[in-house]
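The two complexes that follow have chain A in common; it is paired with chain B in the first and with chain C in the second.
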Partner chain A sequence: MHSFGYRANALFTFAVTILGFMCALASFTDSFNSPSPSVQVLKVNWFQKQPNGNDEVSMTLNISADLQSLFTWNTKQVFVFLAAEYVTPKHVLNQISLWDAIIQEKENAKFTITTSNKYRFIDQGSNLRGKEFNLTLHWHVMPKTGKMLADKVVLPGYRLPAEYR
Partner chain B sequence: MTSICSFEDFYMDWQGQSLAEKLMQIMLLGFAVIAFGTGYLTASFQTMILIYAVGVVLTTLVTVPNWPVFNRHPLKWLDPSEVEKHPKPQPSSNVNSKKKPIKK
Partner chain C sequence: MGWVSDTVDSIKSIKVREVLHQLIVLGMIVTTALIIWKGLMCITGTESPVVVVLSGSMEPGFQRGDILFLTMSKDPIRSGDIVVFNIDGRDIPIVHRVIKVHEREDTEDKYYLTKGDNNPMDDRVLYNHGQNWLEKKHIMGRAVGFVPYAGWATIIMSEKPIIKYVLVGALGLLVLTTKE
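Let's turn to the complex of A and B:
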């Protein structure tokens, strides 16, 4: 005979299974979202360059971005970071994260900030004189349930000065 | 009142159990659909979870306790006087013995 405990257990299991399906469905609706973010790094001012064995650059970044189309009902936060990429004779790809932020509200996803680089831009060696580099803005869209989306936009054509200051 | 009636004193009959189970499944699925639809249309994940949580609690209150409505066709147990006419079969003596049976 189905006892009280049996029914309670059956209900609980069924309820949680349905909850799992609802969350999977919510995550699936994210695939209908086609984001179209726009990014611009307006000005990079080079401040100083100190050789200490390794090259180091300190710069002021002026970043303007509109990431509002990334947000859906199933988005918890968006993690965005700006990375500098360049080539050296020793390594094909060097990537350094210069700045990052966590955006938790859709309204805050459209922003313009002027800041010096949050993390130090230090090369392993002395390869940065006159170096050409790309600035890439990466973003990770973290959902409330389900699959995380990561994407980026590459902004090429930045060059460091040829001499130390 | 000297005694308190608890839910253990009530039973569900077979029809009642079948009804309770079907009701539980339908209610949970129904609330899930309503919750998902509302949450999606209002673009609020929290709304979906809230409506579903309310739905689960409501379903629990309706289907899990032994409400009398689930006991409308109660089982008719045999009278105790019938028991003497149909004695329980006695287990054989081999079962109680712990010694190995002697080969003949």
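Let's turn to the complex of A and C:
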């Protein structure tokens, strides 16, 4: 009952259990401020109706944000992405991710980037002419261990051109 | 060599009642583990509350061997959520991020497109032939937290099943030969 084997086993089990608890609780030490990003649509590159009837638009965006306040000792990476949200008669909610990036260092969390949309902005239908849409910047904080947190800022008031070009 | 004859002696001196007792204790341990697992399934609302990350498609966020905790709440699935889904006909769940959502209000149809953070293309190549979107029924849960490296034991045991047999055999031998 008191052999080395038993003691080693009991110690090991206890240590692993405590480690598991600590990993799970690690993210309770994090706290965040709200960054305020800004996004501009620099230009609409082209806007067409595909052969299968769906509208597609390509645009160049200028995105700048400062997410440095999200980084703590427990942050492994911040996944940031920009989604366009709009309403159509057929689909009451549409969310299309246009661009995303993975930030692993705090220095890189303050950035300004000019890019065309990384993922194709395709509607399921032909509803995009003159369409008003919101651009929402989302960020997901992935910790080294523990609970993941996500938040976003909605930037309303963008509008697509009324005609194809 | 003395160890071998000791073990043989202890196996010869086993009483039936002791063996039965130890088998029952073993059964209780296994049943308790099962109860905890099923209980977790009820609390989180998903059939697989804990999954091991098997591929590198979500690096650097999730590495192979990490354990993910999932829940399935009534909250709607939105872009950016990390979801676990099954493709019809395949039984390995995939953990990727939702990048596109189209929802209809009248018919409750909801369509999702997913992509692994580390993959260059979205998941259409993984879906079945002719399938362009995932639907709610394919989604098993949403990832809410994780513990790194804890899943390596599962990966090793499923990729080299001989280790599983060796472990179970050694455990069985231990049960039979401990004098408790």
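Assume the second predicted complex is superposed on the first by the 140 of 165 C-alpha atoms of A that agree within 3 Å, B and C clash if a C-alpha of one lies under 4 Å from a C-alpha of the other, contacts with A are read in each partner's own complex, and residues count from 1 in each chain.
Everything that follows uses one rule, which is that contacts are C-beta pairs under 8 Å (C-beta built on N, C-alpha and C of every residue); 3 or more make two chains touch, one makes a residue touch a chain.
What you see is a predicted model, and the numbers here were worked out from it, not measured in a lab.
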{"item": "Three-chain arrangement built on chain A, chain B and chain C clash or fit", "value": "fit"}
{"item": "Touching partner for A:Ala10 - first (chain B), second (chain C), both, neither", "value": "first"}
{"item": "Which of chain B and chain C A:Ile96 touches, first, second, both or neither", "value": "second"}
{"item": "First, second, both or neither for A:Met142, with chain B first and chain C second", "value": "second"}
{"item": "Partner chain in contact with A:Tyr119 - chain B first, chain C second, else both or neither", "value": "second"}
{"item": "Chain B versus chain C as contact partner of A:Ala83, first or second or both or neither", "value": "second"}
{"item": "Partner chain(s) touched by A:Ile18 [first = chain B, second = chain C, both, neither]", "value": "first"}
{"item": "First (chain B), second (chain C), both or neither touched by A:Asn54", "value": "neither"}
{"item": "Inter-centroid angle chain B-chain A-chain C after superposition on A [Cα, multiple of 10°]", "value": "40"}
{"item": "Shortest CA-CA distance between chain B and chain C [superposed frame, angstrom]", "value": "11"}
{"item": "Set intersection of chain A contacts, chain C complex versus chain B complex", "value": "144"}
{"item": "Chain B - residues contacting chain A, complex", "value": "7-8, 11-12, 17, 20-21, 24-25, 28-29, 32, 35-36, 39-40, 43-45, 48, 52, 56, 59-60, 63-66"}
{"item": "Complex interface listing, chain A residues touching chain C", "value": "20, 23-24, 27, 76-77, 79, 81, 83, 90-97, 100, 102, 104, 119, 124, 138, 140, 142, 144-148, 150, 152"}
{"item": "Residues of chain C that touch chain A when the two form their complex", "value": "60-62, 78-82, 97, 99-105, 111, 117, 122, 143-148, 150"}
{"item": "Touching residues on chain A, where the partner in the complex is chain B", "value": "1-2, 4, 7-8, 10-11, 14-15, 18-19, 21-22, 25-26, 29, 72-74, 144"}
